[in-house]
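When the chains are written out, they are named A, B, C and D in that same order, and each has its own residue count from 1.
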Amino acid sequence: MSGRYRARIDGRDIEPADGWQVRILDLPHGLISLGGDAGSILAAVEGSGEEWWVTLRGRRLRVELRTWRERVLAEANVAAQGAAGPLEVRATLPGLIVAVQAEPGSDVVEGAPLVTIEAMKMQNEVRAPRAGRVLEVMVAAGATVAAGAILLRLE
Amino acid sequence: MSGRYRARIDGRDIEPADGWQVRILDLPHGLISLGGDAGSILAAVEGSGEEWWVTLRGRRLRVELRTWRERVLAEANVAAQGAAGPLEVRATLPGLIVAVQAEPGSDVVEGAPLVTIEAMKMQNEVRAPRAGRVLEVMVAAGATVAAGAILLRLE
Amino acid sequence: MTRLIRRLLIANRGEIAVRIARTCREMGIDSVAVYSDADADSLHVAFADRAERIGRPPAAESYLDIGAVLAAAARSGADAIHPGYGFLSENAEFAAAVEAAGLTFVGPPPATIAALGDKLAARRAARAAGVPIVPGLTVPLDGPQGDLDGIGFPLMLKAAAGGGGRGMRRVNTAGELAGALAAARREAVAAFGVSAVYAERLIAPARHVEVQLLGDRRGSLACLGERDCSVQRRNQKLVEETPSPAVTPDIRAALFESARRVAGAVAFWSAATVEFLLDADGRHHFLEMNTRLQVEHGVTELVTGLDLVAWQLRVAMGERLPRGVVDAEPNGHAIEVRLYAEDPWNDFAPVAGRVKAWRMAGGPGVRVDAGVSADTDVRPDYDPLLAKLMVHAGDRAGAIARLRRVLDETVVGGVQTDAGFFRWLVDEPGFAAGDYDTNLIAERWSAPPPSTQEMALAARAASYLRDVGPAASARRPPGGASGQSAWGIAARRGALR
Amino acid sequence: MTRLIRRLLIANRGEIAVRIARTCREMGIDSVAVYSDADADSLHVAFADRAERIGRPPAAESYLDIGAVLAAAARSGADAIHPGYGFLSENAEFAAAVEAAGLTFVGPPPATIAALGDKLAARRAARAAGVPIVPGLTVPLDGPQGDLDGIGFPLMLKAAAGGGGRGMRRVNTAGELAGALAAARREAVAAFGVSAVYAERLIAPARHVEVQLLGDRRGSLACLGERDCSVQRRNQKLVEETPSPAVTPDIRAALFESARRVAGAVAFWSAATVEFLLDADGRHHFLEMNTRLQVEHGVTELVTGLDLVAWQLRVAMGERLPRGVVDAEPNGHAIEVRLYAEDPWNDFAPVAGRVKAWRMAGGPGVRVDAGVSADTDVRPDYDPLLAKLMVHAGDRAGAIARLRRVLDETVVGGVQTDAGFFRWLVDEPGFAAGDYDTNLIAERWSAPPPSTQEMALAARAASYLRDVGPAASARRPPGGASGQSAWGIAARRGALR
């Protein structure tokens, strides 16, 4: 049945290990085991529709699953939107903004510190995922942000 | 809110311990904790509607919960059926009938062995819940029975 | 002689299959589970490296089917078989067939299993070795009119091929003998396929005390302490502890000496247990020798720090026991309670059903060996042992206090278990004082009704969940940073406050 | 002096609050949990005998609020307070306030906490006691232009009120100093409310080794072995083991001697840890003394069989340490890994979210101390430590093999944890050989991409559940012998085959 889906992980097309047997140990919480010729392994699965997360050997992998129909729709969407716009830099976890290093209009190199967020009692620096010009900064020191909140936009 | 229900356990009306706080630890599996002035206790709950099971300190109690409306309906039902008929003796667990001691037409005393069921590799004797005459025996040695199956009827 | 074990087939199910697979994983040995159709999704299958179907749910058509197990071993490429306990573990024909197939049997030699599996032959061998046996027959009883050899009543009938309390009956008067004999024979045939039954004097009060042995193929033998298994129902153990509160250093020395003599009467290696009754005067009487791992081996592991399954495997591969094992000194006190799906308020009758909530204890000094988890079906086909809860502490009082705490943390929903009995037991004054015998349950357990407070709490819990349950299941979880429920059903605590 | 403790308030949350409540239950002491609004339904609340709300989610408004904690103690009738680790555990003002309120503080005397909480004063005291300290300042650094006393680069900046890696910065060149100093001060203020920072020579390669102390009010002191805590990220420990593979008997004797000297320089009782860096030549350098229970105390408990929390409570009540504790000999080898919600593939950044699947290991030689379970939210307000996984075996190789097995059994869904890093670590040749230092993660952990097989398995798992999930949730369970799901949602395995 799983041949119905195209799986993508880390931007790569992945062929599912169809020879492996899946056993569900705890369905409400997504605990399963996978058994095949090369051994057996316990795993956790969450998700729905096109977006899934599978934790194997302690690592949580995001799995995109698309049927043929979902692929066609997604491609149509991308075509309709044209080229990608500015890059949004988001908070990966909720916390308190303790410092904003980025200034609107300035150019930053890849890896440059942009914003410092305090969360879990640690100070975490959000760094530039690529080089670019800072278009807009949405946050200020002292503000609290939710996970996924847009911090700033890079051109 | 729980004042809406009348609770019965072991045939007794029970006043719920409303001062105790219920915390749900694992909803799909019914794991909770109860906290009150006299301490805290972990418990398991399963059920729906009028029939619930609560496991506390290792003991599983059947709890009947009825709203006013459910009580009225239940009483009307009993009234419609009139007096109780013969007593059905049922298998409490599934297994293999290895011996039938009860004979139709014979009188048995309370506690008399009626049927021997093998389950879990153990031989378990089903005994007469009260004295009476054996009206009918539904099983024979060698048969397999499901849990809840009627084994015989006592007058 | 070295026989490397690279892939081990575990001819068992449930907690013991999981436990053996754990040691395999630690030793770098591939584990192969076997399963009947009833167990295709069981925990022991998920834990092993690979799995082979061996038949239909009845044990006779799967776990007891020698041909099916050997075929699974051949298919999987296993080079050894561990039988666990129960099923084929004391079946000499099986052990011989394993060896004949060129595989290593993880256990004593087949001839030893055969010699000790016949409980009457074992009694004769023990007597010949100068070990005191329980007074009674050393040949099968012909019938109610047979020679009872001055045993007197009450007496115990036992299956000659017996074990695990099956085919055993207490007989109080001569008048009960015929009926009890028929029942014992019926159960013996059902359990072992052999109807032979013998009679022993009933020793009461008595404690059931056993000695753990571990031997290698060169004749080294370790006595790894004793276990007290006197808390029993239906002649089956429910609680085991080490050391025994009834065993003094003198008694211990005598027990070890007898255990060594019994083992010395046969060719022995691997793990085995010699069982004794200890009477009120502190004298011990040989009962039987079990040529396999016991259910309760874990308490010995806790106080010695040894992994008995690992040593079984090493000995099977030809390794010798090092001095540190032969001279292992136990530390502290350990207690095990067997968590069965059974009803202490209904004569400890086994129950079937689906486990729902499943919360096991953690923290210091706790070991849990489980064969099930949430959403597991307990089926009537097999022994309803769900898990073994073990505690270890510096002394017996500390172990009992820890056990009480562990029981408070342990929650099993869906099926009645004997946990409520254990919760009573830890507060029973005689048990706390170490003063109990095999009649503890018969004499002291009154199956007390639930307290008013317990009923009030149960009513509270059910009422609360009847109110919030449907509302909760209708809502979707608010969703964390990422990842949603696959089924939209993991309704959350937060929504219920 | 006897101060009976009948009811203990646990001024903490998470796994350590659960762990302390366990010992209370074993000792017959009532436990009182405190909770912020974020923790109202947390495991530590469910485990304690009673619970008191102390404020809003930010720690400063709850777990760090001395007034709120003392008010909760008064409301609940507690006669003693255990601070756990972190939060108020090394706050001398809090300890003094507890005693001033007539309650027993479970920890060393307030003056000792104050003396050692100032890391510079502690360095001066250790030096005065003849204990080698890490070369560097013993007074705060004024600014980038301050006196670095010939320390040289690279150096470490540390918060004078520090601990737990907060306010700590490595400085490689003089040019980095100003920025690093500002960052360290900012973090120090945020964590401790004090900006003072000092500088130490960076010792590298170095191992982080610490000695566990336990003392009573009469001056008896037990050195309960050392722990190696060299596997660190962000100067915070991830893995701890005892004994240290780098510590020879000579080094151990020298470490114990230094630890005793530091403790002897102050009035000391209860549990504490003296931390050292061990350089490549086997010389040790005093870092600091932590006057509280450590996160990693469990490995010491595994090898000694002692319950350190129980001894903290007994010492607080005025009991003396018996000979068996003072002379406790460790057995075997124990390792702990800290299961954090954090992403080893993203620089070990903490993550928040909801835990879904939660399966912890069992069987021989395993201890799990957990503060969460399935369906628990990991919030950004607090330290994201989910559980501590500990193993115990006869030797280090056995402990590593067991840890590998335990990690294979451990499954956490919903949030990324560091379990994948540990799974890599147990197969890392240097770690297996005991050859590692505090730079292990920086030098050897390359955050490898998932293997092709892992991706293929993940795709298989997701595809399978996308197919069966909705069907499963639409069905009702077939129902066992009795009892139905409260919400009709526990769709069963059987229906999916």
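List of remarks:
Here is the rule we go by: a contact is a pair of C-beta atoms (placed from the backbone, for glycine too) under 8 Å apart; a residue touches a chain by one contact, two chains touch by 3 or more.
Since we're looking at a predicted model, the values are computed, not measured.
Comparing chain pairs B-D and B-C by the number of C-beta pairs in contact, the larger count belongs to B-C. The geometric centre of chain B is 48 Å away from that of chain D, both derived from CA atoms.
One simple way to say how far apart two chains are is to compare their mean CA positions; for chain C and chain D this gives 37 Å. In whole angstrom, the spacing between the mean C-alpha positions of chain A and chain D is 29. The multi-chain contact residues of chain A, meaning those touching 2 or more other chains, are 23-30, 42, 45-48, 52-53, 93-94, 147. With touch defined as above, residues shared between interfaces to two or more other chains in chain C number as follows: 40-41, 47, 351-352, 356, 359, 373-375, 408-409, 413-415, 465, 469, 472, 481-483, 485-493.
A complete topology is adopted by the chain contact network, contact being made between every pair of chains.
On chain C, the positions that touch chain D within their shared complex are 18-19, 22-23, 25-28, 40-41, 47, 298, 301, 305-307, 324, 331-332, 351-354, 356, 359-360, 362-370, 373, 375, 377, 392-394, 398, 401-402, 404-405, 408-409, 413-415, 465, 469-470, 472-473, 477, 480-483, 485-494, 497. Residues of chain B touching chain A in their complex: 28-29. Chain C contributes residues 59, 166, 183, 186-187, 190-191, 234, 345-346, 349-352, 356-359, 374-375, 380, 382-384, 407-423, 449-450, 453-469, 472, 489-493, 496 to its touches with chain B in the complex. Across the interface of their complex, chain B is touched by residues 30, 40-41, 43, 45-51, 373-375, 481-490 of chain D. For chain B in complex with chain D, the touching residues are 23-30, 33, 35, 37, 39-40, 42, 45-48, 51-53, 93-94, 147-148.
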